[in-house]
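Here subunit A shows up in two complexes: once beside subunit B, once beside subunit C.
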Partner chain A sequence: MLSSKSGFKGIWFILPAVLTLLVLITYPLIYGAYISFFDTNLITKWNFEGFRYYKEIFSNTEFLSRIILTLHYTVWVVAGHFVIGLGLSLILNMKLKGITVFRVILILPWLFPEVVVGLLWKWLFNPLYGLFNSVLMGWGIIDDPVSWLGDEKTAFVAVIVVSIWKGFPMVMMLILAGLQSISEDVYEAAKIDGCNRNKAFRFVTLPALMPVLLVTIILDTVWWFKHFTMIWILTQGGPGNATNVVSIDIFKQAFEFFNFGKASAMAILVFFVCWLMGYGYRRLLGNGDD
Partner chain B sequence: MKVKKLGSWISILAIMGLTLTACGSNKETKSNDAEGAKQVTIKIMSVSQTENPDGPAELEMAERYMKLHPEVKIEFIGVPMNDLYKKVTAMATAGDLPDAFTNTPQFIRTAYGMNITTDLTKLLGEDYLKAFYPNILEESSVDGKLQLLPWTAAPMALVYRGDWFEAEGLKAPENWDEFLDAAKKLTKDTNGDGKADQWGFGMIGTRNGSGADRFMTVLRSYGVDELKKDDSGKWITQLDTPEAKEAFQFYVDLNNKHGVVPPGVTETGFPEAASLMATGKVAMMLTGPNALGNIISQNPDLKGKLYSTPIPMKVKHTATFGVLGYSIAETSQHKEVVADYLKFMVNPENALAWNTVSGRLPTTIEVGKQQQMSTPEYAGFVKALEYAFSIPAFDQYSQFQDIIAEAYQSMIAGNQSVEQATKRATNRANEVIKNNK
Partner chain C sequence: MATTKRRFSFFNASMYAILTVAAAVVLIPTFWMVSTAFKSNEEVMVSPPAWIPDHPTFDSFIRIWKDYPFLDYFLNSVLVVVASTVITIVFSALAGYGASRFKFRGKGTFLSFLLVTQMFPSIMLLIPFYKVLKTFGLIDSQWGLIVVYIAFAIPMCTWMMLGFFQGIPRELDEAAMIDGCSQIRTFVQIILPLSLPGLAATAIYSFLIGWNEYMFAFILVTTETLKTLPVGIGQLNGYYKVVWNDMMAASIISSLPLIVLFLFMQKYFISSLTAGAVKQ
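After this line comes the complex of A and B, so read on.
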């Protein structure tokens, strides 16, 4: 049992972390929720509106359709990250000559700032000067330049491709770290028990990786559900509403239409959606203890 | 151990003391500069700083002012036009506004509502303001209080390749039929590979204010007001009228049906369109005179080949004022100094020099009469000022830009019919009007 003196000391140890969390996370969250009840310009106008913005959001299907579009986008991006990330991490986990070089190269997309990636791909997709059109026309696959970001059908796919390219290294590195923490002894034991490679993957690797996969999938899903920068640079939510995910809608409400109250109400709802997704993942994939 | 700890504390305090002394002496040196006069630093947030050739030219003008007034130091904060309102709002919320910031008539009502702008009518005096075009002053004021000193006007007009038009025997288009005819004639395959590589019209189709403002002038040329007050003083929209549908259909058909626009129209913003014009890919674009400076700085060979004419009409010519100027922050401690610098910027000599560099038009009556305004490059813009309409004094007006841009993008990229697109636009517009307080 701790003495009261050592308990008091303990408070001092956790105080910096508690204060940091209060200032950087709790306060903005509460302030955001507070703003959502006001028609405000954040400086001179503070008209209390109660739940007006929440009612407005739920009274039409606009917000729901944005959430569905964002979920659609997130599912494809996260699936892409996991397929590519898992595949590459398994390869990078092999003891091959020069594998370190590939590890460095494959992590590069994650190191580029999102703004740079957005601009880079925007140029690649450009219908007049872009590399893709030039190559595809050179190979005779297309006759005329395609406006990849200017057509509702291709823009959404293009944005997903860029997001997968940017985000797979994080998943790859996390899974690789998880793979490297699995002891060789377990594989040897499995081999003695008659496991072939596929069975070892199914009965040893996957269960051992599950805690890493769970954390990674929660982080990746929430991260890309809220994603803004690259979509804004590539399409600004267009053409039409083809890539108008919820973060872009919130940004426009706040900084183009100056409806800070409504934007905050939407952000609070997104927070709950993210929380629900995390909860759902833990229930589905976790061990049930949490 | 204790001695060691004490020693460390003394060292830290000594370093801090020395640093503070150094800072203090630096400040003192500064304030003793300029023959003992007190040094004043003014911070200006400027969109010109992110543009070429405007940025270096504005810097050079500020340097000339600083030479004349050694006690004043001007520091610029560059911000792209598309981020201006967000940045001003964020800085105002944080209580960190610079002394002056670029402002436009689109944002003055929002800024006025935040109480962040100084009333320039009072600060500059009514006598001084008599030198400016009255309609431009009106456009820059809220409730009779001048919110920004109008530095330049960039009325929307049609810029076209005069040399190509002459070679084809075309006249400057007076109406949309002539415009379409010219656009078709100037859409060509110049290298003989069977595909068009030169287009008649550099349409700006991005979903932002830049794209929407351009289409708004087309819409108004069809006699449609996206937002206006009816006879009873109630706000209404005309986006569901047959004229509005005709305007949308005409604009979209330029790309979808007639093919007189380069591929990727919804991705083409102002910088892209200006580059297309500079590289000889397009013959016409709807723009302000600032495009002239931008295009010629990219391709000096085009000097004298770009002409301007008012926006073609269906029922009337139209234009936006395109006023750009500086507001002085209410929180500024140096309002008089900033005002003096702003007066320096708009004096006749600087206004003409600025027009030569950037292409933007001056805002004072005397300077507007100068010879260089009547060249084929500028004549159309000067004429366009006669047709300029004021932006409705509606707090949520920026939503209308998004509503309109969404409609034309949906028609261009999503093959929505004009009925579907204008119906949604009208519903959104009515919703905004309903929520306006």
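After this line comes the complex of A and C, so read on.
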């Protein structure tokens, strides 16, 4: 077999990628952890502070409340992606006429840059000239224009809506590909055994789809937990702290208040939260065999 | 028989109804972007807003090139993204091939590490990158961004290429080697030509990462003429006077390259992306 005595050659092939990742990912990560122990402006001032920032972060509930807000946001966004993505992918997987047209249309939001999506929805939500208010007022649902992004109560919901709009195509595509890898024969067999549509979904589709769902849900959760760009464009974390998710909080801590040490400490903690979520999902949903 | 058929078509009709609603939810905002871009300055500021401009005009599309450094933004994005994509593709194809054809120590670790990188908040890298690039005088340079985008794209692209190579029978490699091809020649002359669709899909993914990236470009580049498209467009948002029609015109232009690429490549793209993401 090819692989028996070629152990060394394999290394040569992956070496460029490994070196790049060591220099560009591993080293910066470790360096980031290092920065978290210093009171620093990254140029001239490097005062060792030990665990001061970690203690500071844990000594009040501010960071915890950001994490909870971010989890709250992530749960809604991921749930939205899954309900819509799973539903649409099941339909797109049927042999309906003209389905390709819908497939292309439904992928569009994913192809728009995040900045574009953020700006577009900011414009849609514009209190005076935006389409959203105009339509809702036309239907008689609201009487006066609402400042969707300017009100603490609505801004959070608005940001979630935009995030679901932007992200569902990715989930839809991944599940659709999973569906297409299930062979027709299994469904034929299930039919012969007397399964109707619902039963076939429960006993054939879902189990076969489980690995895809697991990977998708982990990636989607982590991606949106650390989301930055669209929220930054839409609200910059405001009004008040209504949409101040952790990545925006860290960003402000670093590049508005120049508190690089503390921001780094927060980032490290966020990494652990992300890692824990992935671990938790695997324990809950799969057998963790990767 | 007749009843099942009728039930079936009722079922189909409701599926189309759901698809139509979903398509409308996607298309209405998109339409609003296009419609705004063709409005005059006066017509943008009209309440209630018009769905279709009364006097459609190309002014916004002309203004963005004339009044803002939009051409700079555009060319910068092209330069940074093309350079990082080329390097990413070479490295990922090599790594994907290596991992698909050989057993070696640390392969499992390498592949898991690629997945773990997806869990880092990228903001974790932003601060160290900022410092390191500053030390090397690479802040405010396109090299800095190229380097960052390579790091972001390699993990997923390697998974995608790995999935793709696994679909190519090993017998081909073996036959080529028996005919006297070296390992690298086998890869370049036999396997790579067969993987063009996978390479193209991976290239799109890498392109997408760089073309859309905002946060790093926002922090690492400050000179106006070196900024990339997302940052340039985002800036139109910050000034005291927001020119929505110009901003929407710029948004359309910056979205087009990806949409066009995707339309041509969608079949390969989706299957490769999922091969990488799902077949772990």
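The rule we apply is simple: the second predicted complex is superposed on the first by the 280 of 290 C-alpha atoms of A that agree within 3 Å, B and C clash if a C-alpha of one lies under 4 Å from a C-alpha of the other, contacts with A are read in each partner's own complex, and residues count from 1 in each chain.
We adopt the following convention: contacts are C-beta pairs under 8 Å (C-beta built on N, C-alpha and C of every residue); 3 or more make two chains touch, one makes a residue touch a chain.
Just so it is clear, the structure is predicted and the values come from calculations on it, not from any experiment.
Engineer: Going by the contact rule set out at the top, does A:E184 touch subunit B (first), subunit C (second), both, or neither?
Structural biologist: In the superposition, A:E184 contacts neither subunit B nor subunit C.
Engineer: First (subunit B), second (subunit C), both or neither: which does A:F255 touch?
Structural biologist: both
Engineer: Pick one for A:I25: touches subunit B only (first), subunit C only (second), both, or neither.
Structural biologist: second
Engineer: Could you tell me if A:P239 is touching subunit B, subunit C, both of them or neither one (first, second, both, neither)?
Structural biologist: First partner only.
Engineer: Of the two partner chains, subunit B (first) and subunit C (second), which one does A:L128 touch, if any: first, second, both, or neither?
Structural biologist: Both: A:L128 reaches subunit B and subunit C.
Engineer: Should A:I43 be classified as contacting the first partner (subunit B), the second (subunit C), both, or neither?
Structural biologist: both
Engineer: For A:S147 in the superposed arrangement: first (subunit B), second (subunit C), both or neither?
Structural biologist: First partner only.
Engineer: Which chain, subunit B or subunit C, is in touch with more residues of subunit A?
Structural biologist: Looking at subunit B versus subunit C, the one contacting more residues of subunit A is C.
Engineer: Using the superposition described at the top, list the residues of subunit A that contact subunit B and also contact subunit C.
Structural biologist: Looking at subunit A, the two contact sets intersect at 42-43, 122, 126, 128, 255.
Engineer: Write out the stretch or stretches of subunit B touching subunit A in their complex.
Structural biologist: Of all residues in subunit B, those touching subunit A are 85-86, 89, 92-93, 110, 113-116, 195, 205-208, 262-267, 276, 281, 396, 398-399, 402, 406, 409-410, 412-416, 437.
Engineer: List the residues on subunit A that touch subunit B in their complex, please.
Structural biologist: Listed in rising order, the residues of subunit A that touch subunit B are 39, 41-45, 47, 122, 126-128, 144-147, 149-152, 155, 236-242, 252, 255-258.
Engineer: How about subunit A: which of its residues touch subunit C in the complex?
Structural biologist: Against subunit C, subunit A makes touches at 2-3, 6-14, 16-18, 20-21, 24-25, 27-29, 31-32, 35, 42-43, 84, 87-88, 91-92, 94, 96, 102-109, 111-116, 118-124, 126, 128-131, 134, 137-138, 165, 173-174, 176-178, 211-212, 215-216, 219, 222-223, 225-226, 228-229, 232-233, 246-247, 250-251, 254-255, 260, 263-264, 267-268, 270-271, 274-275, 278, 290.
Engineer: Which residues of subunit C touch subunit A in the complex?
Structural biologist: So the residues of subunit C touching subunit A come out as 12, 15-16, 18-19, 22-23, 25-30, 32-33, 36, 44-49, 51, 90-92, 94-95, 97-99, 101-105, 107, 110, 112-132, 134, 147-148, 150-151, 154-155, 158, 170, 173-174, 177, 183, 187, 208, 211-212, 214-215, 219, 229-231, 233-234, 236-237, 244, 247-248, 251, 254-255, 258-259, 262-263, 266, 270-271, 273-275, 277-278, 280.
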